[in-house]
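There are structures below to look over.
The same subunit A turns up in both complexes below, where it pairs with subunit B and then with subunit C.
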Partner chain A sequence: MADKKERSGSPGQEPPEPVPAGATPRRAGLGQRLLPYAGYLVVTAGLCAYGLWADNYYYTQLLTFIGIHTLLAVGLNMVMGYAGQISLGHAAFFGLGAYTTGALTVHLSWPPLAALPAALAVPALVAFIVGMPTLKLHGYYLGMGTLGFGMIIHILFREWTALTGGPNGLVGIPVLSAGPVSLAGGKTYLFLVWGAVLLSFGMCSRIVHSRVGRALSAIHFSEQAAAAVGVDTMRAKLEVFVFSAALAALAGFLYAHMVTFISPSSFSFLVSIRIVAMVVIGGMASIWGSLFGAGLLTLLPEWLHVFSEYEVMIYGLVLVVVMIFFPQGLTRGVLDAYERARRRKTGAGPSA
Partner chain B sequence: MSAQGEEKPAPVLQLEGVSKSFGGVRAARDVSFSVAPGHIHAVIGPNGAGKTTLFNIITGVYAPDSGRIRFEGADVGGRPVHRRVAMGIARTFQNVELFSGMSVLENVMVGLHVRTRCGFLGAIARPPWVKREEKLARETALDWLRFVGMEKVAETPAGDLPFGWQRLVEIARSLASRPRLLLLDEPAAGLNARETRDLGALLKRIRAQGVTLLLVEHDMSLTMEISDRIMVLDQGVKIAEGTPREVQADKKVLSAYLGG
Partner chain C sequence: MLEIRNLKCYYGRIRALSGVSLSVDQGEVVSLIGANGSGKSTLLTAISGLLPGWRGELLFEGESLAGLPPQEVVARGISMVPEGRLIFGALSVMDNLRLGAYLRIRKRDHFGVRQDLDKVLSIFPVLKERAGQDAGTLSGGEQQMLAIGRALMAKPRLLLLDEPSMGLAPKVVKQIFSTLSMLRDEGLTILVVEQNAQAALAVADRGYVLETGRMVLTGRAADLLEDEEVKRAYLGKDYAQFTEGRA
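Showing the complex of A and B:
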């Protein structure tokens, strides 16, 4: 019977087919358990293969940048995709991480690894202080609040010349080294960055599949109901905001010691929008989607020069289109659209 | 102390002179009442009488303009919503508020939030006690689904369920926090006759678990059948209170309902 497949939410109609408690959970559980490991394995294998056979400085740099962008995207995805809170100022934390380590290593000659804790802690602390009032806002207001925050930090980078070098930037940031062992040089750094990416993926996926992750997801669907079942929504939002700021700061640290020169333009509003676009294109609430979104938006401007000229316009357009037509993100949206088309083909019944 | 006071057990919930206005609308005016432990206590009244507002005040969504709210003797007035849940006050919503994209089981697991404690760092490190807690949460949530008869749809996205089933899942989710007082806002709305009858039986089973129920309900036959006490609100004012029989005989109640 064709109409048996149809599901309806209205009370008058037949309830959906009950899902047998034994069968489906096991299948979903197995899939859920295997799929993430498959991702880690593929990426590790790919990196090993690249390390063994490829030797191209340009591609090594490009892949390292993809890794750094992935860190930014996956962190923001925790805030936007899972907890449902928009943040349009994420580049600020990226920049705070980069400038903190930059200032400490250049002005005070700290070794980079000694600067790392501060490079994570300062942005995290800023996220905590800024998040307290800002995360009380919702929707567009939260968007405006975080956007304003990003702009202020950007101005700070440009104007606090003594510390940041102002518009000319901060030069002479040392490359990473652990004692006598230098971690500079293309491939070593590539592995380091991707190690951080995989580690962050592991952390994020553990958070998502935990009491904390369920609470975040609950806030996404109904903040009022989440509070009504006992979730301290403010605290949960603040925690995930600080966590994502720390990931962005780690990306900033890795970026600063890679390029050894940083300037305010690398942490502008456009960069914040680019991170949002990575999340949206890769897929909200999809950890591995962040990798896809970051990859695509790192490669496109490299390959298509038209793209970099009209970058802002294209992002604007992409965001509008994706938000309207694929609110779940491009990856998921395309899959869903395919699924709908398939179902329409097979399930076109007499009721239509 | 009077002899009368010693006979009565201490009320679970006590409101004293609670008032709340929205602009010009006075949604609650000097409302006082108390709910005895183990009772099913109903609040009835015409549309816009202020029933949902009263729930929002008790759970902490709104702060009252004046008056006190005591839960098991403690003044809960200044506490935020989630703290009151941890103390033992749970609720459901008039328009069912499930986390629609999450599975039914996950919905109920969120209901266990105040009874579990894994935090951000615990989630990342995932030590053995977190794994144990997670497993126990899953089993407990399934138990609550079994209690309302919804265990067979545990893995279905909550938003895909028919409305009547969503209500049951919402009740399971609210029970998961192990409340001692449960507020139900029109649980029978949108249910057919058979579902309403089953709901009545479920509410009695919940009471048998030692949960006191405060119930807003428009279905009069259900309310009259299961309630121990009924309070009638009209335009924010408590106009009557008593046993179902007393309330049915009250002239003010009749005229409020007939618009007199």
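Showing the complex of A and C:
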């Protein structure tokens, strides 16, 4: 699938090219230059406004969950949307992050922040070891491989009772605190999670617009062609897979210290599928699409509670409708609709 | 510069090349011509490291290429323009060119990369006009130019081209090949694989003719152009025209 690449984002890592004389001159108005950062500004402004005026425990929880899901989605989007490698086992890394910090803080009484490096490193290491053989696979086979991996890890969570508490879950995970400062409050935690989201967006868009990001897009198009220009495809795939696992692990860490109780069902196969759905609905190869996808899939069940027993049906229906009308995801769909509306307004054809 | 001795290539258990020898000297343009399925592309994929498991000898500047992955081959100074161009359609023209310099950007050779970018854009001015466009929106000829430009961005000493004339208008083919002879004049060594024998031999110094995995003929390009067998098989002229001296 040849995805349209998201154009916005921070500048790449190389020094900027001189604009070739023959190229269409870039309009470099203030608005144009700020456009790539518009998303960050809007989200920050929105959070500040929420922090100042709103005080509703339910919405704070919900927004925090959207943030955690966005972290999962943006990580998977790097692997799936940009590099074109499907992973159906991402909930495993989410769970590994959560259980690593859970086990360290509950059984060994580590302070949560000390457990953070381990909570990131263990899943990353697992991703490295698992990625080595599985990323040699392509297409459906890679899907099957990662699916199997996710299931094995899920069983591990359920059966390794001494460490994980088994099916009953792991209880009593401490809330987050930095020295004397408690980060447990609803809004404080909200800001912490969204800070991590914006940071991850910054990192991802830097990667996407760099040499490495171009290499990933090249791999998506054709591994042979990418290899022919000198990209070490195996290494690039492995790197992005490990990076993505670390992001999922960060989400797991934040999740564990938010709800303070984790059980295997939060990291099952269905969760992996939901992360994939977030990426696809939001838009493949679109960093901000991860936010829309995660937002929609987190909010939808809440909105649909009113339908009680028909909830799941309508949930499915909405997803189908979104995919029919926005086959390239919400981000692309909304951008296209905006383009069309603007063109109709100015009455002009597409500008060259 | 490039020395191939008794190269045998396999796809699974099928042998695509059965003992081919070929050499390319510094500063030469060498054409390898042959029909579909003669093993031309196989030879290039073997050199570029994309087809492991070959037997025989492959020496570049005196050193064996055995067991080298594709990126190492590129690092040694061999770039390939693949069959069917394989440009990255969803990326901009500029990003395609930058990808060509992947290994050099990794080594932080930004100054050299920028110089070569200017050079490639001056060789193919049309790419400059299209710099920001998605490469998939280019015409076939422009895509071929982009593919060559991308290969040049790696700063190769040996350029391999796999059927650069494929699917292109005669005028564009001419332009592509005159670019190749210009690159040769600047000191680049070129090995070009072609079905379009006329175009390929016209710019080449020497030529080889490959048939079903074996080298059947070799010589100076000018001689091959006059060779009855080549004329019959690859230049689209009926054998009878020459043997029976028909007017």
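Assume the second predicted complex is superposed on the first by the 273 of 352 C-alpha atoms of A that agree within 3 Å, B and C clash if a C-alpha of one lies under 4 Å from a C-alpha of the other, contacts with A are read in each partner's own complex, and residues count from 1 in each chain.
Throughout what follows, a contact is a pair of C-beta atoms (placed from the backbone, for glycine too) under 8 Å apart; a residue touches a chain by one contact, two chains touch by 3 or more.
Worth saying up front: this structure is predicted, and the values here are computed from it rather than measured.
Visitor: On the A-aligned overlay, A:P133 touches which partner chain: subunit B = first, subunit C = second, or both, or neither?
Guide: neither
Visitor: Is A:D232 touching anything from subunit B or subunit C once the two structures are fitted on A? First, second, both or neither.
Guide: Both: A:D232 reaches subunit B and subunit C.
Visitor: Looking at A:I207 after the superposition, I want to know if it touches subunit B, subunit C, both of them or none. Which is it: first, second, both, neither?
Guide: Only subunit B is touched by A:I207; subunit C is not.
Visitor: Subunit B or subunit C: which reaches more residues on subunit A?
Guide: B
Visitor: For A:F243, select first, second, both or neither according to whether it touches subunit B, subunit C, the two together, or no partner.
Guide: Touch partner of A:F243: subunit B, not subunit C.
Visitor: Tell me which partner A:S217 touches in the superposition: subunit B (first), subunit C (second), both or neither.
Guide: Both partners, subunit B and subunit C.
Visitor: Subunit A residues touched by both subunit B and subunit C?
Guide: The overlap between the subunit B and subunit C interfaces on subunit A comprises residues 15, 18, 20-21, 24, 211, 214-215, 217-218, 220-222, 224-232.
Visitor: Can you list the subunit C residues touching subunit A in their complex?
Guide: 48-50, 69-71, 74-75, 79-80, 82, 86-91, 94-95, 98-100, 102-103, 105-106, 110, 114, 117, 121, 125, 128-129, 131-132, 136, 150-151, 154
Visitor: Name, in rising order, each residue of subunit B that touches subunit A in their complex.
Guide: Those in contact with subunit A are residues 59, 61, 80-82, 85-86, 90-91, 93, 97-102, 106, 109-114, 116-120, 122-124, 126, 130, 133-134, 137, 142, 151-156, 159-165, 173-174, 176-177, 190-192.
Visitor: Which positions of subunit A touch subunit B when the two form their complex?
Guide: Within the complex, subunit A touches subunit B at residues 7-13, 15-16, 18-21, 24-25, 28, 203, 206-207, 210-215, 217-218, 220-222, 224-233, 239-240, 243.
Visitor: Enumerate the contact residues on subunit A facing subunit C in the complex.
Guide: Residue positions touching the partner: 2-5, 14-15, 17-18, 20-24, 211, 214-215, 217-218, 220-222, 224-232.
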